[in-house]
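To start, the structure itself, in structure tokens.
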């Protein structure tokens, strides 16, 4: 089954159009990396999908049209979103933040809450240690873990993640990405991952989509993209690639 | 000595009205992040509803329940019809909206029910409890009980139930709450409903003592705002303790600092508040807002 | 590569002493029983780029907060040999410490240009009276600062965004605005809290290259907190590693990344010597 | 090296559309007294005096981010000071006004210092207390303040001269005070200190990290605001020729706060708009509503209209109308709404982002 | 006017302005205005004053002096009013302007400053001066309860000051004084203090809601001192209804006006006329309001003065006001008349009444304050 289909998605802020007719299809159980330079529109695309930004075009989540629904509705239909800027409830405790995540899960998974909480504690031991603290006191990386953990505990069918590695220590990032991979199977989770760290996200992704100036510039299996010259030039910072000195954008555009 | 304890008791019972209103303020604040200047007027409306129902021959306890339920509905409606459309991230606008509501509801209540004070029979009956040379009217005792019950119930709701947790989450960060499937308009309306219900308790506790009129809560509102600050706006226990404390402090100040009298005695309460806040900016029981770099 | 436009941006600090850019001695701080920093001491050499690394919650940002005077802490911190214990945060800023924040922090009420201009505040001399009465001195100073900011925004690519409200910026652009703001104060010590986070590797290199060049022109020392270890190893001349509030190791990048303690706590066992992630 | 993008030229203020508009407004303001009756001037002068108070509140609330629910009392302090100096010391009115400014400064310091520690809603409640106690004090010390009936001047202090009536003189004086004060306030809220105040009100830590002396600026805002409000109170009693405790009830403070918000708390024109609304709207509402409950209905209408303003123009009527004007004029919008950010606001930006991504522009620019 | 103006037969309306609180803290006072309006409208319906209609312009001042000043100016400068009617309190600071403009100012209130006709020759007030009531209370106490331990409850303003000054002038110093801001209703602590101090006589001169709330509370706790209530407050709507008849039983008050809600007035013709006028002109909501009857009485006094005025100007009106003698007024208790006297006031007679549980019963003869030496 296709988990998410977006057709001809356009979004604008005031007079400026940011997304120009993005088409997107994600199969159930897939991990898709969303790549793109700074300002390409990754965050905007994720926000449009979770209905935080007004957009035109059709969006279908697991067979249900969701364009036109509210963010909260879409969330209840099984769309999770780890937003840019983390969005933790700073005045609630870490535990309360996590509980809010668990409360958002579908009814049939309520029984699994305890074991899922344990899993989270295992992935991010520090969150368990700090459960009684106000979330606002957390360090940047801890807050990032909390944001991801909270979204996972809601047991979404499709998880949109905006730069999860932001502020995470390398070991933790690695662990998180591995966890994504294992949860994809264990929880039949579908993930759309917007990440600047292309190398890392391509490692766990099945497929990658490259946005450029609000359009899908490139799309393909992750393994293929890892070798793609243009991509390397633009996003892996490979200074020796010849593409780096010519216009990388030009290379992506065709 | 008896006089001392009697005045202490009087102060406490005077304080129950402040406490009830402060509790309602604190509930709105926690449930919606707004300092609601119109809370007193909402309590008045609730009291008028109870009054109207009582006149219809309904037993007092049922009348209270009806008023509480009706106020909850009014609170929710107020959110849906008015407050929802305000830019909730802008404190100034929220506060100004509170003032507009205060003026509007007060005018509306005056139009509907007139401005003359009416007698509101105590739902607890009339009579006094005597002990150790001290006395307490049924109304005072019953009012205190009602406030304590309201405090316990809201504490339970906010601290122990998932609903309370969600209410707090939506009030604190609505966009994030939406990502967890919590629709802000619905939950904030619920928050207002809870506050309306608590406000109704304030109205019912106040009306028999103060005489039912649209202006009934003007002064108590001021004291309740102070009480909530003293105890900490983020804390329901704080609101109640603050209300009682202010009742006691003003009663003692009026009695034992003759120069202050029955009007300037509130200065003592205000001074107390400033001192407490300078030492503990979140109030006696309040939590300070977490800001870190 | 980015270049600096003119010598106007160069400011030389008098070399009063040859003291380290920053001396941190016995710094400690606790929050309700949690020791966020405990007895941390090290020196940051003058000039170039140094870095503080460590796992999440190690106390890196807290250390920055102590250096910039936002937290009161135990121990002593000295800027170029000058103890700062009793200096409030704003005085430290005026004395030459500028910083960015882990989560880019901008003023929503101001546009990009004005956000950058805020960085000049500490260095401006004209007072409230002069401003109120629009005395010539105040206007001249303001004009000069604006010109300076404008030029600084060129190489950072912010000029086209100058009048945009900051709420409309993409994450990486916010970062650049913050850095421009910090640089505009011509700091002696620049504290960068994860400047490369959210930037592609290419963009990060470019940005840090620019900062290094800026620093070279103006005798500025930069101190990074960064999780991109590869980047740190490439640009830093000195690295301190924090873990759970304590100093785990410090020294030049090669030594530090070979330290088994550091590998266990932070880099991971299979980390290659250059710090690049597997 | 490519030539740098030219620095956007800045014209002197009197050549910007906004500056020209201000000048035109001032011109109209000066002509008004020769066009309308003395009765209309009386209300217009009240508006100017209240606008001055609202402007003081704007500095405090809009710019320094501190809330005061007690400015009505500060106007009262200014009013009583002016009155007492004129009645008891036979001071000429300009001296009395200077006296009330001085007292205002003092009051600003006295309230401002604890305010530094309190902040936010706590400060709001602290100032509410001041507003609540002020009329009680005026009632209590009646030997000095005249008690409930207050103090009254025998006649208008503005003696007709040079062919101008006393109402015209009063108006022109109020206009000059307002224009002058607004000019000064504008200057300290743009440029260096404008940015500093933006930091003070939204992010203390950021402010400190950029060398902004937060307490100093907050205190200055309080002191200046109180002095301006006190002056406003002085001018107001000169116009009304009376000062009574009932003029300065808590409601008055709340209404001032309302005027600030409805006009736009970072707009100086907004201060005038807000003042005009709170002065004229109640009159207007009770005029259009004859009949028994008209007082209450008028208050209801007043509340509803204010509520509508708050909902539809949360950034204030002044900003809202100029945005509207600019939209209609087809010009690009310069600023985001006061509360940009977050999901609900629809941010607008000045210039369309250049079609090519920034990274590319940069590289080309430097190549 | 007794004789129409010489020259043209002027039939332009006589303009009277009324600035009165209809909203705000004293919104309840609006009833007084309604009574006043009812009388004026009834007069107009009967043909007005010598064929000239009275044009009554009303405006709400919300008990805010600034709005009062605005209204007064509007009446004088825009409407050309010859007289302005005010409720009280803030009428005092409104005096200089009207006197400056030589426009008559008529206030309902009892505030002492309003008796200052020398300095403010255009200002008159209707009710007896509160200070007189203080003295009256003192004289009565000395006669009937020389050993009384007196407690006083009043507003924290000049009304209480005047009242207490009057008491002291009459030789009674209250042992306990509780003055509270308007709107305060919970006086339990003050009552405990009174009890502890052995107060056995309580004088209450404070309006709604306090007067009702405090009497009810004293009754509920079984504290039963002798109650002496202010004459203009001791009516059904203000105290008996909210406190309950039992709580007010045996309380004394010196009344001069009639309470339309008192059953004893049901048969009274003037009261019936009042009720009829109120109903006729659309103010039936306020027919139980003593305050409305007060306003009605003020209207009657004003109309009498206008009828007697040598010319329909401010000066003519005041001349007629100051010449009133034995003038009947529907609102005064039986046997009382309006007589111009000290301070431009008109009412110098009062009647001691005691509440018997259903009605205020007269005790003894009519009292004339001038005869008692309280007023010269």
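Order as written gives the chain letters A, B, C, D and E; numbering starts at 1 within each chain.
Methods note: a contact is a pair of C-beta atoms (placed from the backbone, for glycine too) under 8 Å apart; a residue touches a chain by one contact, two chains touch by 3 or more.
Bear in mind that the values here come from a model prediction, so they are computed numbers and not experimental data.
J.: Using the contact definition stated above, find the chains touching both chain B and chain E.
T.: Touching chain B as well as chain E, we find D.
J.: Can you name the chain that lies farthest from chain D, using the mean of each chain's Cα atoms as its centre?
T.: Between chain D and every other chain, the largest centroid distance is to A.
J.: When I count C-beta pairs in contact, which pair ends up with more: C-D or D-E?
T.: If we tally the C-beta pairs in contact for C-D and D-E, the bigger total goes to C-D.
J.: Taking each chain's centre as the mean of its CA atoms, which one is farthest from the centre of chain B?
T.: Centre of mass proxy via C-alpha means gives C as farthest from chain B.
J.: Compute the distance, rounded to whole Å, between the mean C-alpha positions of chain C and chain E.
T.: Averaging C-alpha atoms per chain gives centres 75 Å apart.
J.: Using the average of all C-alpha atoms in each chain as its centre, how far is it in Å between chain D and chain E?
T.: 41
J.: How many angstrom lie between the CA centroids of chain A and chain B, rounded to a whole number?
T.: Using C-alpha averages as centres, the distance is 44 Å.
J.: Express in whole angstrom the distance between the two chain centres, defined as the mean CA positions of chain B and chain D.
T.: Centre-to-centre distance between chain B and chain D: 32 Å.
J.: Chain E: which residues touch two or more other chains?
T.: Correct list: 23, 25, 27, 30, 156, 181, 285.
J.: Touching two or more other chains, which residues of chain A qualify?
T.: Each of 13, 16, 37-39, 52, 71, 137 in chain A touches at least two other chains.
J.: Two-or-more-chain contact residues of chain D, please, as numbers and ranges.
T.: Those would be 136, 139-140, 205, 209, 293, 296, 299, 338-339, 342-343, 345, 347-349, 353, 358-359.
J.: Can you list the chain E residues touching chain B in their complex?
T.: 23, 25, 27-28, 30, 156, 177-181, 183-193, 196, 208-209, 212-213, 216-217, 220-222, 237-238, 241-244, 285, 289
J.: Flag every residue of chain B that touches chain D in the complex, lowest number first.
T.: 35, 37, 82, 85-87, 89-93, 95-97, 99-104, 106-108, 110-111, 175, 178, 222, 225-226, 229, 233, 263-264, 266-267, 270, 273-274, 277-278, 281, 283, 289, 291, 293
J.: Using the touch definition from the top, list the residues of chain D that touch chain E in their complex.
T.: So the residues of chain D in touch with chain E come to 37-39, 42-43, 46, 136, 139-140, 142, 147-155, 236, 240-244, 246-247, 249, 251-252, 282-283, 286, 292-296, 298-299.
J.: Help me check something: in the complex, which residues belonging to chain A touch chain B?
T.: Its residues touching chain B are 50, 52, 70-73, 75-76, 80-81, 83, 87-92, 96, 99-101, 103-104, 134-137, 150-151, 154.
J.: Mind listing the chain C positions that touch chain D in their complex?
T.: Per the stated touch rule, the residues are 1-3, 5, 68-70, 88-91, 93-94, 98-99, 101, 105, 107-111, 114, 117-124, 126, 128, 131-134, 138, 141-143, 145-147, 150-151, 154-157, 159-168, 173, 181, 185, 203.
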